[in-house]
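Shared between the two complexes below is chain A, which pairs with chain B and chain C, respectively.
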Partner chain A sequence: MNELIQLIVSGTATGAIYALAALGFTLLWQASGTINFAQGDFVMLPAFTMLFCMIAGAPLWLAFLATCVAAMLVLGVGFKKVIVDPLIRHGVIPLVIATLGVSMALKTIVRAGYSAEAHQFPAIFPAGQFTIAGVNVSWADLGTLVLAAVIVIALQTFVTRTLTGRAMQAVAQNTDAARVLGIDAKRMVLYTFLINAILAVVTALLITPTYLAKFDMGDSIGLKAFFAAIIGGFNQTRGALLGGVLIGVLENLVGFYWSPAYKEGVALMLFLVVILWRPEGLLGKVEERKV
Partner chain B sequence: MNARVHLLALAAALAALAIVALYLKRSEVYLLTLWAVYVMATMGLNLTAGYAGQMSLGQAAFFGIGAYLAAILLKLGWPFLAVLPVAALVCFVVGLALGFPALRVQHHYLAFATLGFNVLVYLAMRNEEQITGGTFGISGIPRPTFLGIDLGGHVAYWYWTLGSLVVLGGILWWLLRSPWGRAFAALRDNPIRAESLGVNITAYTLLAFAIGAAFAGVGGVYYASLVEFIEPGPFHFSTSLMMLLAVIVGGSGKFYGPALGTAIVILLPEFLRGSSTPWLKFMQVWYLAVFGIAVVALMIWLPGGLLSIRERLDRKGGPQ
Partner chain C sequence: MKRSTRLIAAIGFALAAAPVFAQPIKIAGLVELSGTGATSGTNFDNGAKLAAKEINAAGGILGRQIDYTSGDTQSNPAVSKALAQKAIDDGAYVVMGPVFSGSILVSMEETRRAGVPNFTGGEAASITQKGNPYIFRTSFTQAAAMPKVARYIKNGLKAQSVDIMWVNNDFGKGGRDMIVKALAAEGVKVGADISTDPGQVDFSSAVLKAKQSGGDALFVYTNEEESARALRELRKQGYAKPIIGETTLTGQKVIELAGEAANGAIAHVGLTADAPIDTVRKFDKAFQQAYGTRSDHNGIKGYTAMYFIKVMTERIGKVDGKAFAAAMHGAKMTVKDNPGVLMDVTFDQHGDLDRESFLTKVVNGKQVVVETLPPLGAK
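== the complex of A and B ==
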């Protein structure tokens, strides 16, 4: 029994990280109709940027802040101006293909320009674990969970309570109507890209100590982020959280009780079951098709 | 281009491909055959991506299913021509089962479903050692004989593959010219209008995807017999990605798009690998980075792929 609870707790922590990546993915989709297949590599790149800063002698917190700024410039503004803006008028598929190209280029640049090895990354939480009611919980899992929860709640509050947040929501729901009401839609979409960039850096900070920094670390994270977003409901911010945690927990259970080899397949199976039974996702709302 | 000129040009190209093999090195003929085998899979993907307008990121999984089926059945002594329909049928049915839940909802969900499927198939190939040999793979896959002719030699197998590619191409051509195929064009151009005219979008898209999968399965059979040894590596989802990019770069929805795109994606890196010029050696390592950026540029300036360049020029130069 304790074993089961332990698996669920650590699965929830991993799932919370998936949820952060999924959250950025969902935000981009809502605000601009962008399906970003380079989402996983958007996590990989900050991991290496932080690593470089630390090799140059910066402490972790400074590396994190510097990377946040760099990510907002490159993965936020740069990605939007250079790739999304010129492509979005061609429809979804060319943009998706372009993000696939970006993903391939980023991976190769890191592999060829730096290294193909996996690199250690310092943990932000203390090692070790504590016991509560007979269940062993690691500080890293607890810390990850708390930090992820704080970020999700903060984001949710920002989106639903502040004027800027509500304007962003309005743009996501109906861009034209929002524009008529005097909302600067372009600026709101840009904010979404900036938030996505920061979420990617935080995801990197949390996941790299366990997954290690490697040029293809984004493949697995990206895949989990897509599935988490769809399972929870593509048009719901809370959905990403539920989807991420479900995947994290089930992966842990399957890995332990059945076979660790098939852990990576859990997200797909869950995805297929959910879309058969509830196509709009667990928390999603049915969307009318635009004619 | 009218039909007669088209046929003549095609015949000339095929004759050139057949004759040139006699003067090439063994490894070069092998590369040509590899190209033809991949074109079988990308041709099928073109049906899904180009004509039905859906993204599939799992073509390498179907390719792999075909290859493993071939490896197992050929080693059991099945004739090559009996393995082909089995591989095609299995991939078709699996395609239906995978595509149904995904396409029923949102069409771009197919991309995610196929991507996940590819991950799962790759895991199964690596872990189900009793069937697939795990990471050691399956070796000693025989090459076929046809009407008593031994196709084991590299040139003979190249002719056999090229001939089969032409037959497959003919089937695809016929499919696209049939009323059934014409519904695709309607679908891609304006799905909502097509639906209101009585085209069942989901059924057509699903069928296109499953047929595309069957083409990959057939390609996989030729692949297994060509390389004579298979292991999970070539069926990783990165191959699916390259296949999709081959279709898009060549020109999705263009009949010869996959042939051109596959040449760029498969032959170019092999050519770079074989060279010793310093500049080309640099490109060996950086090839995928340059290719990725080129894809982005192509999507911005020529989203229809390389073969759409003529239409693009016509549109720009012609009267508005």
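== the complex of A and C ==
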């Protein structure tokens, strides 16, 4: 029983990281109808930016802050102005193709600059573990869970309790109506892109010590985040959280009780089951569109 | 008149022959520059490039420069096969790589068909068990290395049962089968038999499985990046029993990636830049000067393979792939005559090699050679 609880705790921590990346998918979709297939690379790029800052002599906290600023400029403002704004009027497909192109470009650039080899990334939480009621919990898992929870709660509070957050929600629900009410829709959409950029940096901070900094590290996290968003419901932020945690926990259970060799297929299997049984996702709502 | 005719003819021959003699010797590298084998392939490639540069600076092979070009297999057997065919079409004298066993097992069929000698960094025992007269190793086969590891587990660690964590590819499966056999021969029981995926990033459930199993030690046999991730997870979960590996576990790149988590790991290695040997020290220094980082065992594989080509080509006195392959079987190369081979080495009739090896341990983030083990043939 203790090992089951330990697997669930550890899986929830890993799932929380998937959830942070998945949140970015749902936020961008809700705010601007953008499906960003470069989301995984949006996690990879901050990892290397932090690495670059640390090689230059900056401590991790300073590297993190500097990367947050850089990410907001490049992955937030830059991505929106250069890629999304010119293409969104042509529909989802051109934008999806463009984000796939961005993904390849980012990987190629980082590979050219840092080589194809993996690089070490410092962990922000100490190694080792503690025992509580017979269950071993690592400090890293606890720290990841706490940090992810703080970010999700802060984001929820911002979106539901502040005027700007409510305006963002209004834009996400009905852009035209929001404009009629005098809301600066463009600005609200931009805020969403900025939040996505920060979520990517935090995800990079949490996942890179395990994944190691490598040019293609975003492939796995991007795919799992995408599956998590679909499983939970692409139009629900709570769905992304549920999807991420479900994948993390199930991966751990399959890895332990079946074989670690099968754990990478868990997200795909869950995705297939959910998409067949409930296409809108576990917490998603059916959307009707006029054609 | 006759004299002048002879002179003109001689000049004509010289001019005609000059481009042939000056023509570089084409050597093709099929290396993992991306994908899960990027660390291995990049090191192998860098080692080969360094040796080619040194050899060219010293006058080349039989007066001809080496033209070494490397292609990225993307750690993919199908791409490796295609690159092998391209290398043959381009007229490669010798093919170097791939490093991954799964890739060489596929690509070597092309070099065999064309009669082109092929050096590989792969360690799976099956590579040299297929009767291919053109395949040659640059490191130990698992069949040679694993008995040494099993002997250390029994006599050095006094372990009665061992858990095994291995990567599910040709390299890992081959190693797993060999260590199980070697442990059985030593009377050591195998506890948890944990298979992991190539490129796996999360080792939490694998480590928990090892912890729950209760073996006296853990044998980890995965590729470099996965080894580092496994060591970090073992450290994270507070695993306190001995962790043993073969070749990769205490490699330079693994130590760099795993950081403090690598401390205490023990491994048998066929090649290491920390070997207490003058020629290896000289190589280590040159590699660091060239690339700003230390070489792992794969860098030494690539480096020594290029020197094997030089030594054997000069020994047969011509650039002839078939004669080269024939002469390699049963060949012996000594450091005294050829410092570039770094250690005295002998090749058998299958293309397997034999030389000294080392038992290493990671202490304070550095690989320390605990013991130098003699060549198997010296027993």
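We adopt the following convention: the second predicted complex is superposed on the first by the 290 of 291 C-alpha atoms of A that agree within 3 Å, B and C clash if a C-alpha of one lies under 4 Å from a C-alpha of the other, contacts with A are read in each partner's own complex, and residues count from 1 in each chain.
The rule we apply is simple: a contact is a pair of C-beta atoms (placed from the backbone, for glycine too) under 8 Å apart; a residue touches a chain by one contact, two chains touch by 3 or more.
Predicted model, so just to flag it, every value in this text is computed and none were measured.
When the two structures are aligned on the shared chain, A:184 is found in touch with neither chain B nor chain C.
Once chain A of one complex is fitted onto chain A of the other, the partner contacts of A:115 are limited to chain C, with no touch recorded for chain B. By the touch criterion stated above, A:261 is placed in contact with chain B and with chain C alike. By the document's definition of touching, of the two partners only chain B reaches A:104; chain C does not.
The residues of chain A shared by its contacts with chain B and with chain C are 259, 261, 264.
Within the complex formed with chain A, the residues of chain C that make contact are 33-35, 38-39, 42, 168, 194-197, 200-206, 208-209, 212, 224-225, 228-229, 232-233, 235-238, 253, 256-261.
Residue ranges on chain A touching chain C, taken from their complex, read 3, 6-7, 10-11, 14, 111, 115-120, 122-123, 127-129, 136, 138, 140, 209-212, 214-217, 220, 251-256, 259-261, 263-264.
On chain B, the positions that touch chain A within their shared complex are 53, 55, 101-102, 104-106, 108-109, 111-113, 115-117, 119-120, 123, 126-127, 192, 241, 244-245, 248, 285-296, 299-300, 303.
Contacts from chain A toward chain B in the complex involve residues 35, 83, 86-87, 90, 92-98, 100-109, 112, 223, 226-227, 230, 259, 261-262, 264-265, 267-269, 271-272, 275-276, 279-280, 289, 291.
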